[in-house]
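Have a look at these structures, which come just after this line.
Both complexes shown next keep chain A, but they swap its partner, so chain B is in the first and chain C is in the second.
Then we have the complex of A and B:
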C-alpha cells in the first residue's frame, strides 16, 4: 500500500503515541502517570483506527443531492468505531481513577511497587500464610518439601 | 431463533434497571435478576434442538450482513450461551447481604458474556469484551475476600488487573485496525471470505498476535497473566471459580473463532503453541512452589489454560476437539476445586489430617484432582490423551517441544497434587484443625455436582466424543460459517457492493476470485 504525503505524518503520530503510551505503562512507577500513559496509548490506537478509513483527497461521507457520483469519500465505519472506543476508554479511565483514589486512602501511596507489596502482604495475611504482625515481604520463600 | 437476542438484551436491561428498582423494593430487584437468568436458560433450551449440524445466523434488526450485525449460533456458541446463565446462577451471591450493585454487575457480566459468544462481528465482539472486562473489574472490588485486609487487596488487585486489561484491549483494537486496513470489513463471515487473500501476510499475522495477547489477558495467556494469582487471592472463591472456570474460556473461544476464520497461516498456530507451552510449564512450576491451596489452584489454572492453548494450536479438527475437551473439563473441575479450597484456607501444612475430619470432602477432592491430572478412567485422561496423541502426530518441531513440555508439566502437577493429598490423609491432625472454617452447603453441592458429572462423562466417553467431534468439525469449517451467514443472494450482493465500494471508499477492497 502506498502512503503518500500527509498520511505518513499521521501514521508516525499514531505509532509514536502508541510507543510512548506503552513505554509509559511499562516504565512509570506512579499509578496516576501510568493511567495518563494509558490515555496516550488509547489515543494512538484510535488515531490508527481512524487512519484505516482515511483518504487524503476524501470528503466527508455525507451523500447530498448535488454530490458528484464516484467522488472519493473517507470511510465512515472507522469513525463510528472510534467513537465507541473513545467512550469505552473514558469509562475505564474514570473507573481506574476511582480505584486509584480509594487505594490512596487505604495504602497512602501512589507507587505501584509499594501498592503491590502491600497488596501481596494483605493477600498472604488473609489466606493465613503469614501472621499479620510480620512486615516482611510475603513472597513464598524457601521451605517446601517435594 | 428470533428471541435469542433477548439473552443479551434482558440481562443488559436488568443490569441498569435493578439499582433503580431497588429504591422502591429491594426484593423486587433481586427477584428480577434471578428471573432474567431463568428466562435466558429457558430461551436457550427452547432453541437447543434446532441447531445441530447446520448452524443458524440471525441478522439483528433485519439489517442483512455485511452491513448489519449478525449473531452466529452453532453448537459451540449455543453451548456456552447456556453455560453462562447456568454458571452465573450457580455462583449467584445470594446467601449473604449483598449490595444491589453486585447483582447489577453480575447481570452485566451475563449480558456481555452471552453477546461475546454469539456475535459474528469483530467490533461487536470488542465492545462485548470491554463490557465483560468492566463488569469483572467491578466484581473484583465488590467481592473482595472477607476480613479487614480484604478490601485493600481487592482494590489493588482490581487496579492492576484493569491496567493490564486496558493495555490488552488497546492491543486488540490495534489488531482490529490492522484487519480493517487490510480487508475493509469487520463482519467475521465477510472477513473469512476475504482472509485467504487479504490477511494471509505479515500484517495479518501481526494483527493475530495483537488480538491473541490482547484477549489473552482474560484467557490467562502466558506473558499477560500476572493478575491471576493476585485477583484470585484477593476475591471470594465464588468469583475465582467463575472467572477461572467460565470467563477464561470465553476469551479462548473468541481467539479460536478469530483464528479459525481469519488466520490460515501456520505461524499463527505456532505462536499460540509457544505461548501455551510457556504457560503450562511456568504455571505448574509456580503452583508446585505455592504454600496455600488457593494460590496453588490459581497457578494450576494458568497451567491448564496453557494446555488449552497448546491443544487448540494443533492444526485441524482434532486440535479443536482436544481443545474443547480440555477447556470443558477445566470448566467443570476448577470451579469445584475452588469451592473445596474455600474451606481449606491457610498454609498447606495446616491441612494435615483434614481427611479424618471430613472424609467425604477429601474424597471429592481426590476424585477431582485425579481427573485434573488425567488418571485413566476419568474424563481428564481422555482430554490429555487427545492432546498427547495429536501432538505426537505433528511433524513440525514446535509440536514435539510442546509434547515434551506438556509431559514434564504433568509430572510436576502430579508431584504437587500428590503432596496435597498426602497432607490431607496425614495420620496426625494439624494444629489449626479445630479453628478451621467449615465448608458451606452450596460449595459442597457444587463440588458434588461436578464429581457426579465427571463420573457420568467417564461412563459415556463414546457419546461425548461424538458430540465433541461434531462440535469441532462445525467450528473448524470456515466455508460453513460463510454459507450460514450469507445466502447466495447476499454473496452476489457483496460482490457487487465491493465493486461499487472500490470507487467510493477503498482501493484495496475488491473481491477477487470469489464465487
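Then we have the complex of A and C:
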C-alpha cells in the first residue's frame, strides 16, 4: 500500500476549507454566520496559495550565511502575497461587521429573508411605487374605517 | 510527519464544519478561532514561519476579538439560548 504524498493531505485541507466556506456563504441564513463562512473561504484560499510554492524537501526561505549549496527553498513570493492577504482579510472582516451592525440597527433582524423583504419594501416606498402605509401593517395605532 | 499533518487537517476541517453547524454563535466564533490556529500550525509545517506568525497573531487573535466584540454589540452574547435569526 503506497502512502499518499504529503501534498495530497495539504490539498485536501485547502479544498475542503474552500468547499465548506462556499457552501456556508451560499446556504446559511444568518448574516453573521455568513461572514464566518467567508472567513473560512479566505483561509482556504490562502492555504492553496502557500501550497503553490511548497516543496516537499524545501527549507524556509531565510538566507543564512551557512546555507547549503544544493538545498532548495520554498517559493517566498506566494508567502509574501498571503501575508498581505491575511491582513486585508481582517480589514474586510471589520468592514463587514460594521455593515452588519448597521443592518441590525436599521432592520432589527439578522435573517437574510426578513432583511431582503424589508429592504425591497423600503426601495419601493422611496421610489414611489407603494405608498408608505399600504404594504405593511395597517395604520400604526389606528383602526380601519368602518 | 504525514500523520501530524493529517491530524491537524482533520481538526481544521471538523471545526470548519462546526462553524456552520453549531447553533450558538459564540461557539461558532470559537470554532473559527480553532480553524485559524490549526491553519497557523499547517503554515509552520509547510516551512512558512512568517505567515504562520501573522496568521496566529492576526487571524486567531485580532479577528476573534473583533468578532466577539461585534457579537456583544449585536446583543447576541447569550450562552444557552437559541438565538439564530433573532
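Here, the second predicted complex is superposed on the first by the 130 of 146 C-alpha atoms of A that agree within 3 Å, B and C clash if a C-alpha of one lies under 4 Å from a C-alpha of the other, contacts with A are read in each partner's own complex, and residues count from 1 in each chain.
Note that a contact is a pair of C-beta atoms (placed from the backbone, for glycine too) under 8 Å apart; a residue touches a chain by one contact, two chains touch by 3 or more.
Keep in mind it's a predicted model, so treat the numbers as computed, not measured.
Shared-chain residue A:77: touches chain B; no touch with chain C.
With both structures placed on the common chain, the touch criterion links A:52 to chain B but leaves chain C unconnected. Contacts of A:95 after superposition: chain B is touched, whereas chain C is not reached. In the superposition on chain A, A:118 contacts chain B only, with no contact to chain C.
Shared contact residues of chain A, touching chain B in one structure and chain C in the other: 21, 46, 51, 74, 89, 100.
Chain A makes touch with chain C in their complex at residues 3, 6, 9-10, 12-13, 16-17, 20-21, 23-24, 28-30, 32-33, 36-37, 39-40, 43, 46-47, 50-51, 54, 58-62, 74, 79, 82-83, 86-87, 89-90, 93-94, 97, 100-101, 104, 109-111, 114.
Considering their complex, residues 1-2, 5-6, 9, 12-13, 16-17, 19-20, 25, 28-29, 32, 35-36, 39, 42-43, 46-51, 54-55, 58-59, 62-63, 66-67, 70-71, 73-76, 84-86 of chain C touch chain A. Within the complex formed with chain B, the residues of chain A that make contact are 1, 18, 21-22, 25, 31, 34-35, 38, 41-42, 45-46, 48-49, 51-53, 55, 70, 72-75, 77-78, 81, 84-85, 88-89, 91-92, 95-96, 99-100, 102-103, 106-107, 112, 115-116, 118-120, 122-123, 125-129, 132, 140, 144-146. Contact residues on chain B toward chain A in their complex (touch as defined above): 123, 126-127, 130, 133-134, 137-138, 141, 145, 147, 149-153, 155-160, 162-163, 166-167, 169-170, 173-174, 176-178, 180-181, 184, 186, 230, 233-234, 288-292, 294-295, 345-347, 350, 415-416, 419, 503-506, 508.
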